[in-house]
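Single-structure report; data block below.
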Amino acid sequence: MTAPMTTTGPDLRDYVLRLGDDALVAAQRVAGWCTRAPQFEEDVALANIALDLLGQARALLTYAGELEGLGRDEDALAFGRDEHEFRNVQLVELPDDDFATAIAKMLFFGVYQRLLYTGLSRAADPTLAGIAAKAAKETAYHVDHAVSWTLRLGDGTAESHRRMQAAVDHVWPYTHELFEPGPPPAAAGPGADPAALRGPWCREVEQVLAEATLRRPEDGWAPTGGRSGVHTEAFGHLLAEMQYVYRAHPGARW
Amino acid sequence: EEGAARFEALIAADGKIEPRDWMPDGYRRSLIRQIAQHAHSEIMGMQPETNWISRAPSLARKAILIAKVQDEAGHGLYLYSVAESLGVSREWMLDELHAGRQKYLSFINYPTLTWADVGALAWLTDGAAVVNQVSLCRTSYGPYARALVRICKEESFHHRQGFDLLYALSRGTPEQRAMLQAAVDRWWYPALAMFGPPDHMSTHSAQSLAWRIKRATNDELRQRFVDICVPQARVLGVTLPDPALRWNAERGHHDFTPPDFEELKRVVAGNGPCNRQRLAHRRRAHEDGAWVREAAAAYAAKHGESREA
Amino acid sequence: MTAPMTTTGPDLRDYVLRLGDDALVAAQRVAGWCTRAPQFEEDVALANIALDLLGQARALLTYAGELEGLGRDEDALAFGRDEHEFRNVQLVELPDDDFATAIAKMLFFGVYQRLLYTGLSRAADPTLAGIAAKAAKETAYHVDHAVSWTLRLGDGTAESHRRMQAAVDHVWPYTHELFEPGPPPAAAGPGADPAALRGPWCREVEQVLAEATLRRPEDGWAPTGGRSGVHTEAFGHLLAEMQYVYRAHPGARW
Amino acid sequence: EEGAARFEALIAADGKIEPRDWMPDGYRRSLIRQIAQHAHSEIMGMQPETNWISRAPSLARKAILIAKVQDEAGHGLYLYSVAESLGVSREWMLDELHAGRQKYLSFINYPTLTWADVGALAWLTDGAAVVNQVSLCRTSYGPYARALVRICKEESFHHRQGFDLLYALSRGTPEQRAMLQAAVDRWWYPALAMFGPPDHMSTHSAQSLAWRIKRATNDELRQRFVDICVPQARVLGVTLPDPALRWNAERGHHDFTPPDFEELKRVVAGNGPCNRQRLAHRRRAHEDGAWVREAAAAYAAKHGESREA
C-alpha cells in the first residue's frame, strides 16, 4: 500500500521527514481552530499560523521525498503513510482540549522551532538552510503570538490562570521529547543539535511563564516515542480524518 | 436641513457618503442591515468550508482552503468595522446574529457533503458574490465601497481557485467526476438564490437603488451570473441542473428556470438543512471563548492597552 | 473502488439496505458511549443496545448483498461504500451531543423500529420476516430503556428537564423522515408501510413525553434526504472514522 | 475471640469466609484493596479497547469487541458489589480511584496503537488474567471466589477471541503481519508485569498467601503464563521480544527475562504513557454524567424506588 520505509536510507532524509511531520501535524491541529476561536482576530491569526506550518511541512516533505528518491511527493508522504511511519513528536499531536492547551503547545513548540530553524538556517545543505531561514521568521511570529496569550491568560482572570496553569502542566512532560539526544546529520550543521537547544529553550520559556505568573512544572515524567513511530492514541484518530478521502480514492489526483 | 440637501446632492452626483456626513435614518438603517448581513455571511460562510479542512486530500488544496477561510474572517472583521462607522458595535451585531434577528446569506445553510462541494461552493457562490459585489463597489457609502474593492479582488481569486479544484476533478476518475456533477447539482440553485427574490417581490430594492446602496436589480445580476456560468460549466463538462437552460439569441442572454423562492423563504426563515447547526456552532464558539475574551480584558485593564497584542 | 449502486436493481434489495444502514449507523453512534456513560449500569445497557443494532445490521446487510448478487458481503457494504451510497435516515447519524440527545434518538428511533419490525415479521419474504421477528423483540427492550430514561430526565431535576426538552426539540424534526411515503416492496408485506406507522408512533411517543412532563414539539421543519443518499455534515466524519482501517488495507481480510 | 478461632479454623480447612463472618481487619483491608483494584481494572481496562470500536475493520470483530467491553463493565459492577459486601460503597471506591489512591492494573496505561493491539491485549493480558484468576477462584473469601468463577469463564473466552483476531492477521498481508508483530512486541512485557513484582520484592504476598487470599506466588504464575504463551506464539508466527527466552529441559519450564520492575513501579506510580489520559477520561465521564445520576435520584425520590429501571 505504501512503499516500505527504509531505515538504512540517507540520514538526512529521515531528519527532514521528522521536521516535516512535526510541522504537518501541528498545522492539522492549529487548523482545527477555524470557526472555533474565541474571537475573529484569533481565527485570522491561527489560520495564519496553520498556513505557515503547513507551508513548512510541504517544503520539508517534498524535500524528504526527493532525498528518498522513491517518487513519493508531499501528498504520498502525508496521506499514504501509516501511523508508525510518522516521525513527529507527540507534543504536536496532543488534542487541543481548550484554547489554553493550544497556546501552551504553541509556546513550547514555537520556541523550540524558532531556535532549531535559526540554527538550521546555517546548515551545510542549502535546501534545508533555505527552508529553515524562511521558517525561522515565521516561527518568531508564532512565538510572539503565543507569548502574548500566555501573558493574558496567565495574568488575566482567576479562571484563565487556572486553565493556563493546567494546560502548562499537562503539556510540559511532552516537551522533553523535543530535545532527545541524537546529533543531527552533518548536512544539518552543528546549530541544530537538539540537546544544545534545551538550555536556551528553558531560559526563554521560564521567563515567559514567570511573567505570566505561572508556575514552571517540575521535570519528571518524560513520555517519548514519536521519533521512532510510537504515538499517542489521539494520533490515529487525527490520521483517520486527515487521510480518509485520499485513501478512499487510490491513485486519484486532486 | 443643510445635511439633507447635501446628502441628496451627493447621491445625485454619484458621490460618496462618509461616516461623519449627515444621512437619513432609513439610509443608515439599510446600510447597517446590509453590511451586518454581509459581515455575518463572511463569518458564517467559513463553516461549510472549514468542514473539509481536516480532510482535504492534498496539502496544496488544504493550504488554499485555509487561506480562503482566513480571508473570510478578515473580510468579516473589516466589514464589522465598516458597520461600526455607522454607530453600532460588533458586539451588538453578534448578539443580533446569535439571536437570529440579523441574517446571513441562505446558501450557507446547505451542507458540504463531499470534497467537490468545496469547489462548487467557491465556483458558484463566490462567483455570484463577485457579480453582486462588483456592482456594489460603486455603492454610495464610502467606507463600504472601499471595503468592497478589496473584498472583490479576493473573492475573484477564490472563485478561480474553486474552478481550478473542480477542473482537476473533471479530469479525474469516474468517482471524482460523479462527485463533481453531484456537487454542482446541489449548489446551482442556492447560488442563484443569492441574488435575492425577483425584482417584483423584493421589498428593499427600490429605495436601495434610489440611495445608490444597490446599483443593479436582483434579476439583472442573476442574469449576468447565469451568462457567465454557462461557458465555464462547459469547460468542466458538467450539466447545470436546469433542463430549461438555453441561449436566447433574441435577448442575447440565457433563458433559465429561476430558483424556488418559496424554498429561499423557508431557508431564510431558519428552515434550511443546516440553519440550526450553523447558528449553534457559532454560539458555542462564542460561549466557549468567553473566558478568553474576559482574560484579555482583565489583562488589558491591569497592564494598560499598550500591552495588548 | 466500489461496485456501482444499481438504481434499477431489485426493489427488495434497496429496501433491506435502508433498514440495514439505519441499524448500522445507529449502532455506531450508540457504541460511542462505551466508557462515557453516566454510570456503569448504563455502559452495560448501551453496549447491549449497540450489539442488538449491530446484529440487525449484519443480518440485513448480508441479505442485501445476497439479493444484489454482486458478491458484496456485510463488510464490503459497511466499509466500502461512499457516503452518498448510504440509505439511512439522518436521525440516526446525528451526533449524540449529550446523554439526553442519545435518549431522545433512542426513543424516537426505537418506537419506529419496533412498529416496523413487528409489521415486517409478517412479511412474505421469509428471510426478512425472520430477521424482523428477532429484531422486534430486541427493540422492545430498547424502547423500554429509552422510556425509563425519558421519564427520569424529563421529570428529574430542573437541569435534566431543560436538557431533555432541548434534546427532544432538536431531534424531533428528523423523525419525519422515518415516515416518508413510499410503500415497501411487495415482499415486505403491508404491515411495513411507513406512512401507516406514523399514527401509532405519534400516540406512543406523545404519551411518553406527556408522562415525562415534556412538551411535544410542533411539526414544521422536516429535513430529509437520507433515503436518497443525502446526509448531514456529521455523517462524513462518522464514515471517515468507521471505514479508515478497512480502506487503508485494500483487499485485506480481518 | 470465638470469631477469630472460627476464622482460623475455616482458613485452615480451606473453607470459605462469608460477608457476615468475623474476619481480621487486615484480611478485610487486603480484600477490599484487591477487589477494588480488580473492579477498577475491569472498568479502566475498557478504555484501550474502546479506542478501536469505532474503527474495527469488520462488523463481526466490532461486535466481539463491544461484547468484550460490555463483559468488562459487567465484571466491574459485579466486583464492586462483592467489595460492598465488605462494608465499603462503590462511590467511595470511585472517589479513591479518581483521586489516584486506589490503583488498577498497570498494563491499562499503555496505548492501543493499531488494530492488532486489540488482539494482542486480549491474547496476552486476558491470558495473564486467566492464569491469575484461575488460581484466585480458590480464594478464601466466598463472594469473591464465586465471582471469579464466572469472570474467569468470560476472560478465557476473550483470550481465545484475541488469539483468533491475531491468527487472522498472521494469515494476512505483510502489513497485517508487521502490525501483529509490533503489537506483540508492545504488549509482552506489560502482560508479564501483570503478575506483580518478583516474590522477593512483593510486600503483600506472604500474608495474602497465609490467608489464602492469594493461592500462588507472582513468580509461579508468571512462569505458568510464559509456558502457555510460547507454543501459541509459534502458531501465530510471532517472535516474543525476549532473546533469552528458551526451553529449559532441566526445570521443565521456559527461561525468560523478567519484566523491568523499575518500569512497572514508574507506571504504577502514575508515569506510564496513558495514566493521565485514562484517569482524566474516567473523571470526565463521571463528571459529565453527574446531572444524569442526579436526575435519576430525584425521579426515584419523587416516584418511589419501584419506578427505577
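Labels for the chains are A, B, C and D, by order of writing; each one numbers its residues from 1.
In this text, a contact is a pair of C-beta atoms (placed from the backbone, for glycine too) under 8 Å apart; a residue touches a chain by one contact, two chains touch by 3 or more.
The structure presented is a predicted model; accordingly, all values stated were derived computationally and were not measured.
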Would you say A-D or A-B is joined by more C-beta pairs in contact? A-B
Per the C-alpha means, the centres of chain B and chain C lie apart by a whole-Å value of 37
Here the gap between chain B and chain D, centre to centre from mean Cα coordinates and rounded to Å, is 57
What parts of chain D, by residue number, touch at least two of the other chains? 55, 175
Residues of chain A that contact two or more other chains, please. 1, 82, 240-241, 244-245, 249
Based on which chains touch which, is the overall arrangement a line, ring, star, complete graph, or other? other
Touching pairs here come out as A-B, A-C, A-D, B-C, C-D
Spell out the part of chain C that touches chain D in their complex, as residue ranges. 24, 28, 31-32, 34-44, 47-48, 50-51, 54-55, 57-58, 61, 74-75, 78-79, 98-99, 144-145, 148-149, 151-153, 155-157, 159-160, 163, 241-242, 244-246, 249, 251-254
Spell out the residues on chain C that touch chain A in their complex, using ranges where they run on. 1, 82, 237, 239-241, 243-245, 247-250
List the residues on chain D that touch chain C in their complex, please. 43, 46-47, 50, 53-63, 66-67, 69-70, 73-74, 76-77, 80, 115, 165, 168-169, 171-173, 175-176, 281-282, 285, 288-300, 302-303, 307-309
Please give the residue numbers of chain D that touch chain A in the complex, ascending. 48, 51, 55, 111-114, 175, 182, 270-271, 273-274, 276-277
Touch list for chain A against partner chain D, complex: 1, 82-84, 170, 220-221, 223, 225, 230-233, 236, 240
